[in-house]
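Quick heads-up: structures coming right below.
What follows is a pair of complexes built around subunit A, which joins subunit B in one and subunit C in the other.
Here is the complex of A and B:
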């Protein structure tokens, strides 16, 4: 059994090693985009079961964003929703024989964390301006600036480590049990791994949303006024 | 455990591309579909609201028209009632007037009938009185009464205008002397008294007529000198009748 911490390089494109995680990611991208194209084919005003199901998903995501941030969900919908779908699909990719979830690799989780870190900056500047974003580090007062800067890095790092640890440990445990006890014994652990994958995807997406919302809220001119708009 | 930065960057790029692609092919179309349905439902609701408003307006119009009809009906009923009352009053007044006229006419008729009845009663009474008187006077047809009537005859002849008395005396056909009975009077005395009163001696024919009751009358073809109870009673009856 190979160590789950090691990446298997299939081939090189110039200096870039193409690992299994990258190939799996490409496969997931193809599946998700293909599924999206199929599911959104010919949307009508009178929805069928297919359209009703995907609209239900979008509506649930919008409700989640609205309840978390209090803002309109449109700017965050694609980022948070895609992040959740990718992580969920990547986590559940372990169900396919011979496929290792990309989120069980450091590079993928680090990339996700890096994207969240950048998105916090992006949405913070877009929502509150550069000065507002910088002001968000001074919340609730100036003395907190070093700690807030440190927190902005550590909280993303914690997301990275949490996702990596959970997924990698699941794959690791299942690999050990499968190598020791045959085919049927790992099934309960795989079911648990499904739940873990769902929960981790949800946690990662919600935390990204919370970080973005907190940054935008703290960046407002009057930071004491909540960013959350009242529902109408 | 090492971190492959090339792999990290490639995975970051992959995720960003995936986010961009899903945004284009999934999130935006589905959100647009939801927004379009909400817009369509809002439009339908607005349309339904407008239709409801129009229906309410039509309902208000219909209600107003119904109220107008009711008011018009009430007005027509009031007019008809007033006309009926006026017609009733007119008919009652006409009937009352006609009844009053009829009552007056009936009263007049009753008065007339009553007067006629009274007149008839009076006439009947007169007739009955005259009959009674005639019966009573018929019992007085004695010589004394006849002598009195002879005197009255002589006096009547004397009262005649001379021309009439001369024409009576010169009557060629003679004079009928009518008496109630031949028993109570002497014809010779009568004849002598008449000749004396006329101053001439025309032919005298004695005739008996019980209808005279009592008395002596002279009759020619063109002249009658009445002098009897019957003549008196007839005159009384005429007088009473004319008086009624």
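Here is the complex of A and C:
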């Protein structure tokens, strides 16, 4: 049986090996960008069916962001929305025969987690300035600085392992069951896998949002009040 | 008989078995508490279920860690290569 920790290399561009996960990622990127371009082709003030459907998605996203952070959704919409849609499409790519979701490989998840790590710094500095961002490490108390620095790394690592473990175990279990009994038996497991994929995409996006919002909030000048309630 | 190989397989099975035990109990308690809260306050169901999902994912991570350790033992064991 193939190890789920290894990747299949298809060909090489110079010194860079191109694996199946990278090809699938490119495909997903093409589909997402193409769909975004086509669906937002001609936006009007009075929406038709197509535009109403997109507005529904964007509105849902905005509501989630507003309820989670309590802030205006505009600065986070693009990042969180693309994160969610990409992971969702990647997880559900397993529906197409012959395609393995790229999130079931270590590299894709590590890259996504690194993006979240960098975006926490970026949004923290943009929302509260460099001083505010540095102050967010001393958030409840100055004694917490080492723990906060440690936490900023470990929480991203746990996001990485969580996404990888969930998606990979789904693919792995379906592979095992399909090799034992190929006809109709894996279907309930695949349905469960769809649910897991949706929940994991949602959780990845929400956790990224919570980390960003916590950093921005802790960096504000009046953040010394220790009784402030934190959401989620 | 290669005892190192045998021990790896047995330990991988134990890691998954006992690693799933704790999170399963914890998730059961979390869902029960959330159900209780929703029954008391149905209007807060949205907030509660969102927090529940995030919390469940956090709890589940411990089980996933065990799974990853088991897979490392089976497929990428540093002692066997």
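The rule is short, and it goes like this: the second predicted complex is superposed on the first by the 222 of 232 C-alpha atoms of A that agree within 3 Å, B and C clash if a C-alpha of one lies under 4 Å from a C-alpha of the other, contacts with A are read in each partner's own complex, and residues count from 1 in each chain.
Rule of thumb we're sticking to: a contact is a pair of C-beta atoms (placed from the backbone, for glycine too) under 8 Å apart; a residue touches a chain by one contact, two chains touch by 3 or more.
Keep in mind it's a predicted model, so treat the numbers as computed, not measured.
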Subunit C versus subunit B on the shared subunit A, clash or fit after superposition: fit
Contacts of A:5 with subunit B and subunit C, given as first, second, both or neither: both
Contacts of A:143 with subunit B and subunit C, given as first, second, both or neither: neither
Partner chain(s) touched by A:26 [first = subunit B, second = subunit C, both, neither]: first
Contacts of A:180 with subunit B and subunit C, given as first, second, both or neither: neither
Once both complexes are placed on the shared chain, angle at subunit A toward subunit B and subunit C, C-alpha, multiple of 10 degrees: 120
Which of subunit B and subunit C A:85 touches, first, second, both or neither: first
Subunit B versus subunit C as contact partner of A:112, first or second or both or neither: first
Contact breadth on subunit A, by residue count: subunit C or subunit B: B
After superposition on chain A, the shortest CA separation from subunit B to subunit C (Å): 5
Subunit B and subunit C contact sites that coincide on subunit A, given as residue numbers: 5
Residue ranges of subunit A in contact with subunit C within the complex: 3-6, 64, 67-68, 158, 161-162, 164-166, 169, 199-200, 202-203, 206-207, 210, 232
Sites on subunit A touched by subunit B in the complex: 5, 7, 15-17, 19, 21-22, 25-26, 28-29, 32-33, 36-37, 39-40, 43-45, 47, 51, 54-55, 57-59, 62, 74, 77-79, 81-83, 85-86, 102, 105-108, 110-112, 114-115
Residue ranges of subunit C touching subunit A (in the complex, touch as defined): 46-47, 50-51, 53-54, 57, 60-61, 64-65, 67-68, 71-72, 75-76
Residues of subunit B defined as touching subunit A within the complex: 1, 3-4, 6-12, 14-19, 21-23, 25-34, 36-37, 40
